[in-house]
Amino acid sequence: MSWLLAFLETLLFIAAAPLLAGWIKRVKCRLQNRKSPSVFQPYRNLLKLYDKQPILPHPASWIFPAAPYIVFASTVLSAAIVPLVAVNLPTAHIADMIVLVGFFALSRTFLVLAGMDIGTAFGGMGASREMTISSLAEPSMLMAVFTLAMTAHTTNLSEAINYVHDTGLVLRPSYVFALGGLMMVTVAETGRVPVDNPATHLELTMIHEAMILEYSGRWLALIEWASQIKLMLYGVLIANIFFPWGIAQDFSPASLGLGIVMIAIKLAILAVILALSEVVLAKMRIFRVQEYLSFAYLLSVLGMLSHIILEAARVYR
Amino acid sequence: MSLFFAYVSVLFALMSALTALTASKQKEVANLSRSALQHWPALQFKAENLFCESGYAVRHRNFLFILLGFSGLFAVLAGTTTLLSGSITTDILPLGLPWLNWHIRIDPLSGFFLCVLGLPLMAVSLYGSGYVREYEHGKHSMAALGLFTGLFVAGMEMVLLADDAFIFMIAWELMSVASYFLVVFQHHHSANRHAGFLYLLMAEIGAIAIILAFGVVAGFGNGLTFTAMRSAELSATWASIAFILGLIGFGMKAGLMPLHAWLPEAHPVAPPHISALMSGVMLKIAVYGFIRFSFDLLNQFLWQWGVLVLILGCTTAVLGILYALQQTNLKRLLAYSSVENIGIIFTALGLSLIFFSSGMSELGTLGLIAALLHCLNHALFKSLLFMVAGIIWHKIHDHNLENLGGLIHRMPKTAVFFLVGVLSISALPPFNGFVSEWLIFQTALQAGSLDSGVLRSLIPSASAVLALTSALAATCFVKFYGVAFLGLPRTHHAAHANEIDHQGMVTGPAFLSACCLLFGIFPTPLINAMGNLTQQLTGFQLTNISSLGWLWLTPVSQNTAAYAPLYVLAGSMAVGGLCYHFLYRRTGLNPRKAEPWDCGFGGLNAHMQYTSGAFSMPIRRIFQPVFDIKESLEVQHEGPASTRVKSIRYQFQAPDPVWSKLYDPITLAVNRLARFAGIIQTGNIRTYLGYSFFTLIFLLWVIS
Amino acid sequence: MIGIYLILFIPLVGMSLQAFYGATPKAAIINLRCNILSLISSVWLAIDVLWNGSLFAFDRMFYIDSFNVYLIALTAFVGLTTSIFSGPYMQHEQDSGRLSPKRLKLYYSMYQGFMLAMYLVLTTNNMGVMWVAMEGATLATVLLVSLYRTPESVEAAWKYFILCGVGIAQALFGTVLLYFAAEQKLGVGGDALLWTVLHENSSSLDPAIVGLAFVFLLVGYGTKIGLVPLHSWLPDAHSEGPTPMSAILSGLLLNDALYAVVRCKMLVEGALNNHLAGHLMMGFGLLSFLVASLLLHRQTDIKRLFSYSSIEHMGLMTFAFGVGSPWATFAALFHMTTHSLTKSAIFVTVGHASQLAGTQRIEKIRGLILTQPKIGWGLLIGTVAIAGFPPFGVFASEFLVLVATMHDYPWITPLLLLGIGLAFAGLFRHIQAMVYGEPPEGQTPITANLWPVILHLALVLWLGLAIPDFLGNWFNQATLLISGGLPQ
Amino acid sequence: MSIADLNLYQQAILLLAGLIALTSFLMLGQSRLVRLVRVFALQGFLLALATAMAANVLNYPHLYISAGLNLLMKGILIPMLLHRLIRRLGLHRVMDTIEHPARVMMGGATLLIFSYYVSLPVINHSPLFTLNAIAVSLAVVLLGMLLMITRKQAVAHVVGFMSIENGLFFAAVVSTYGMPMIVELGIAFDVLVAAVLFGVFFFQINASIDSLNVDHLSKLSEVDK
């Protein structure tokens, strides 16, 4: 039965992702006092794209049509692993945080390969910048995971959430720094404004868009959907690890219902924060991203050091 | 039993070396067989057409590589039987010094490394016979190539079986000398000669450092055999001196950072099936030597050693991959990536040393297993990558990444093998590279349980560097694959390359790709098989590695971390299949071929693509201080007041800074010292008489 | 017993025969036969010693024990293989007009004279006769060095003559002092100079005199070994003389000089209780090991390169004998054998290589492997063997020396490490350029009889892999004799 | 053991030892080759006389033979050979002046004192009265070497070499009762062959660099090539 519940949770996860994107779009338009499209517009975009006939450029090899499916599959799998509504699901034991980072790396690799497959300048540029940013972001991501592993003595997501949930509201400086670091990494990984502008098609500024420039039809739909799921994934990670209260510990309908409501509220608040930051900040030059990410790394290292110095309270024998 | 297999594998290697000598002696072999087999006409007839003129060269070449293949097979057999049975068999051969005969011993550790040697060797033997056709009509003798390949393999196998310092050193340097001759096989290029000289010089110095290390331990034990050395009680300072000497000796052979200069020079110039063996296997033999010396012979651990090895490993890893990113020569890129992977292995060993020294043997064993697993994985995918690089050279005769492109259309099979290699070396989930790197991170993550604060902060930052390395490795190999195989062909040769026709050159890489996937999906049985190894070496066994069943991997305990590779693969296949079914079946729209959109520019040609230099430019800009980059831009102008630009030529080199900081000063110092010493040979007889006179006076003065 | 007389008598007869037939083509065959006969007699002598221990002859004038018997066999063997090589080589030199028949006669007679002197040095028991034999060896070779009558060879011969003459004179003074110290204790009589007598009651000799005598002997015979401050004659003599002569000079004469010094050290060891002799030899050995390995880098003539390599190896052996522990002594004895075998093989290939390229200058010798693979590979594998790579024998002795020094004098080992590394780099940077690469046009293969090289390298390979037990227990007995303990 | 209570013969031997040292000093100062060879002949003669005296004093007959042999060799044969060579090569008029004779002489004196200091332990150990002559013989050897170092002419080198042989012979006679006969003969034979070879080499050197100046013999040098 728990396997069925895990499957349902994954389906819920996938279904809710475009909604989150739509909600962020709405908050941004409202902040820029523009009239925003409906929250369900992303669903319509995806449906429209499914019916379109995909275009396969001449120099493309088998990697070009296969990449969307692999990207989508690995993102869905990572969605299955991250506990959205309830913890202690069987799928949570399939992998831990580092494997999650591995999935992101797998999907990014195939996206980059697809981008370079056509042999256009933009594909290559997007690929090179994507790989550079992600390789700079990975150390700070791992450092945040480290801080968590040091406190919760585990890298398994549901165990970590249980640990934080059981110890109640404890103001840990290491968690504050880790949270800051993780949020900055989220912005870099999912290609939001300060690092990369998702909406633009201006040749010189786009990173994520440059790779999927040649996609059309159902392939583009799959990739768009996968990036929305990834955005929600990071949101859920931040929400559940640092603020796990309200997540369902058992599979009773009441706690599941409460879980869904709480996660919806938390994601909404995070979306508002993200939209606010996107409106306030402008996109940085590519070689300024390195300072941005080294600052994120500094935050995570501070998190780890503060854990060792302040919280571990281990007396020297 | 396993020792019998091991002996058979060494004999096969030596036989392949000796039969290689008859490469060009077809007539002698023919009439020798004719005279030897007069009494059995049937046999004589069979031997007649076997050694007849026409197919002699091809049959001889295949026979050589079949022998090598059997040597690999028996090595794997010996390894697996020892590993599974956990038995230690020793033997004494009547060779060697009168009072120190050759002691031979095979235990699970050498058994494991025999497997690490055997698997790539079998693949190389399949691949080699196809590739060597290239040298057939060259001017260098095939006999030499075959002879030294056989000796090289035999040397490596004997290193694994050695149980006393004397035979260990003989096998060790036999391995170095044989591989030197292979590096210098095509000696008409001066680069090969330079690389060969550097390689042998550093092998020599490393070997002497190892002899001194053994000397220290033997000094306190009462003999040169490993058993005597194990019982030697060394004081902390002497043990550290021995350890540092061993680290220098084995590190030089493995390619640790300051001593790695020979590796990117020697591997690219050797024939590809040899550089596959050198990179994949010989570096692991150096790691085996280091483990045997520091974990087995020195039976004490100090945390300073672990920290030193950890720091060396991290710097080697990150600098190795940074230099790999800047290379445009295929094989130099792979050589630098070998340096990076050796750095990762030594980081894992450093972690395990730290844990052992602070008494946590369980985690130390985990670190050791992670390092050993990464040795095996690297041996597999690095040999695969070198073989594919060999195929590219065989078909296109060009090592420069900038001249390739679009090979996936004309060489689909090679592209698939290379993709598997790239995915495993970039440590992506379903493949074996990810498993070992994941285990290393798990070991690092347990740093919290250490009690010294310094270590608890050092290890996470070291693993952050490791994370950066694995991400950069992914960048480097994605660039390699993207620039070489995808996009439009940049040169005429690349445009007209065709697929491999030789059967062996396909089955070799295929076998290795299958191994990569297999060990990626089922790591737990492999780690259980290494249980005897760690039990015998460190006295501990990872008990709950498969507490959730053999499909799961739970290194420390059930709820600290778990990874089920099979579920991951099955899950992603299921989701991918479902999407494909729903999307394709439902709409029924198959894709339409058209011109690429390219933001409306159109008119694509090969020069508009991102080259490898361009791809790695951001990393080069960000990590500027690490390289000493030489960039030059020549712009030819023409036309009135030279306003119009006729041609732009951009030259870019990224030499290894270790040369300018360490190796050139040393050569300069040696030459100056030699000139200074040369003064004594003035040529004038009276000065010579003066030397003899003053030596006598000086000695007489000393005496009285 | 008869073996000793035979081994001395055959070269004498050979010398006189060559005096008559030296100019004729038969000379090479006579030379070959004499050497074969002396090899047979030395083997017979060796078996004789093997069965009934050390033996005397001619009322204790000659004495063979486990230490010098294998050296005699080695001298005879290398003498034979070099004579095989020197036959066609000298014929080629005569055809190319560099040598007149008269000088060839001188060459062949002096060849046998040289062998006689060396056998005498090895077999005699009387220190005085040993000095005379050593002086005789110098006189025999000095004319050979100036065989080609070029200005350089005359200059080299003159320097060799004067320097070795003065050096050996000092050795005579040492012998006189030794005789004086012995005479005080043993009274007047012929046997005060006999080594066995001196060895038995060496503890009763007066330490001051014996110490002084050892200094003179070390400086004297050290000049013949080529220890560094006294080595200047050796590179000139080797590079200017005919190659067979330099092969023997390098392979055997240096060993005999070291044999003499070790004999004196055994006496002195008894008399002085401190390690003065050992430390002096270690100092000289290490100095020549390091300086020679440095000088290798600057050579432009191929034969000078290998003569410096001989100085370096002799330095290592002197150092090993100086260390004096059973391991080091065993290593030094073993190194003597493997070094002479490898070095004479190398000189044979060097001779053919210089004939092939027409010059001895290193930068003009290129592409040997491609023109004549046998010579190219012979030279390359010989150099790999002399550089101390297993599975050849030189590695085993270097391995033991390193381990022994690490055991007794650990602070010296970095110097040894530096020396071996420098020597390897110096040797290989020249050899590699010569052996590989494209051959210059017009380089045609020459008739070369490389059987000696193959034989020597095979022997060294066999010694490297497994020391035969009869040779093994010879070395053990000699080590027991010299260092007073068995290596275990 | 003062000199006074030695009998006349023993005093004569010590006097001869002093004279031999004097001849070595004289040789150091000679600038003409012909006179150098004459002083060497004188030294040989004095040595033979001392050996004969010693034979008489120690009543050890076989020393007479070696004294006679020495006289024949060092006194007559070799000087005559050298004279003929000098005249044949036309060197009798060549001036081989030493750069700074005073310094060489001072060097010789310090060598004498040094050799006495070195052979001190040897002397006060043995009853044989002639022992303090060992210091003299060591001085003769060292002076011979100094002569070879300071001179440029090859002939001077030969004379220096032969005077070293004289010193050694004198040491043998003085310290022991003369070396055993076989060794004596061997040494004499070697010295004779050496002398002959020197003659052969003079002609070869003269043919190759048509002068006997040793400083011209330095083609085989490796300095900063």
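Each chain gets a letter, A, B, C and D, in the order it is written, and its residues are counted from 1.
Simple rule for what comes next: a residue touches a chain if its C-beta (ideal position, glycine included) is under 8 Å from a C-beta of that chain, and two chains touch if they have at least 3 such contacts.
A quick note: this is a predicted structure, and the numbers were derived from the prediction, not measured.
Colleague: Note the shortest touch-path length, in steps, from chain C to chain D.
Modeller: 1
Colleague: Counting C-beta pairs in contact, does B-D beat B-C or the other way around?
Modeller: B-C
Colleague: Going by the average position of its CA atoms, which chain sits the greatest distance from chain C?
Modeller: Ranked by distance of C-alpha centres from chain C, the top chain is A.
Colleague: If you average the CA atoms of chain A and of chain D, how many Å lie between those two points?
Modeller: Between these chains, centre-to-centre, one finds 101 Å.
Colleague: What is the distance, in whole Å, between the centres of chain A and chain C, each centre taken as the mean of its C-alpha atoms?
Modeller: The separation of the two C-alpha centroids amounts to 78 Å.
Colleague: Please work out the Cα centroid separation of chain B and chain D, and write it as a whole number of Å.
Modeller: A distance of 70 Å separates the two centres.
Colleague: Between chain B and chain C, what is the separation of their C-alpha centroids in Å?
Modeller: Going by mean C-alpha positions, chain B sits 43 Å from chain C.
Colleague: Listing for chain C: what residues touch at least two other chains?
Modeller: 158-159, 162, 166, 170, 212, 235, 295, 298
Colleague: Can you list the residues of chain B that touch 2 or more other chains?
Modeller: Residues 675, 678, 681, 685, 689, 692, 696, 700, 703-704 of chain B each touch two or more of the other chains.
Colleague: Among the residues of chain A, which are close enough to touch at least two other chains?
Modeller: Nothing qualifies.
Colleague: Write out all the pairs of touching chains, ordered by chain label.
Modeller: A-B, B-C, B-D, C-D
Colleague: Any idea which chain A residues touch chain B in the complex?
Modeller: Touching chain B: residues 50-63, 65, 69-70, 72-74, 76-77, 80, 93-96, 98-99, 102-103, 105-106, 108-109, 112-113, 116-125, 127-129, 131-132, 134-136, 138-143, 145-146, 149-150, 153-156, 159, 201, 203, 213-214, 216-218, 222, 286-287, 290, 297, 301, 304-305, 308-309, 312, 314, 316-317 of chain A.
Colleague: Where on chain D is chain B touching in the complex?
Modeller: 114, 117-118, 120-121, 142, 145-146, 148-150, 152, 157, 214-215, 217-224
Colleague: In their shared complex, at which residues does chain D touch chain C?
Modeller: Of all residues in chain D, those touching chain C are 118-119, 121-122, 125-126, 134, 138, 141, 145, 148, 154, 157, 161, 164-165, 167-168, 171-172, 175-177, 179-180, 182-183, 186-187, 189-190, 193-194, 197-198, 200-201, 204-205, 207-209, 217-220, 222, 225.
Colleague: What residues on chain C touch chain D, complex-wise?
Modeller: 61, 126, 128-129, 131-132, 135-136, 139, 142-143, 146, 149-152, 154-159, 161-162, 165-166, 169-170, 172-173, 176-177, 179-180, 183-184, 188, 190, 192-193, 206, 208-209, 212, 235-236, 239-240, 295, 298-300
Colleague: Over in the complex, which chain B residues touch chain A? Could you list them?
Modeller: Touching chain A from chain B are residues 405-406, 408-409, 412, 415, 423, 426-429, 434, 438, 441-442, 444-445, 447-448, 451, 453, 456-457, 460-461, 463-465, 467-468, 470-472, 474-475, 478-479, 481-483, 485-488, 548, 552, 559-564, 567-568, 571-573, 575-576, 579-580, 583, 586-587, 589, 591-599, 604, 606, 608-610, 614-619, 621-622.
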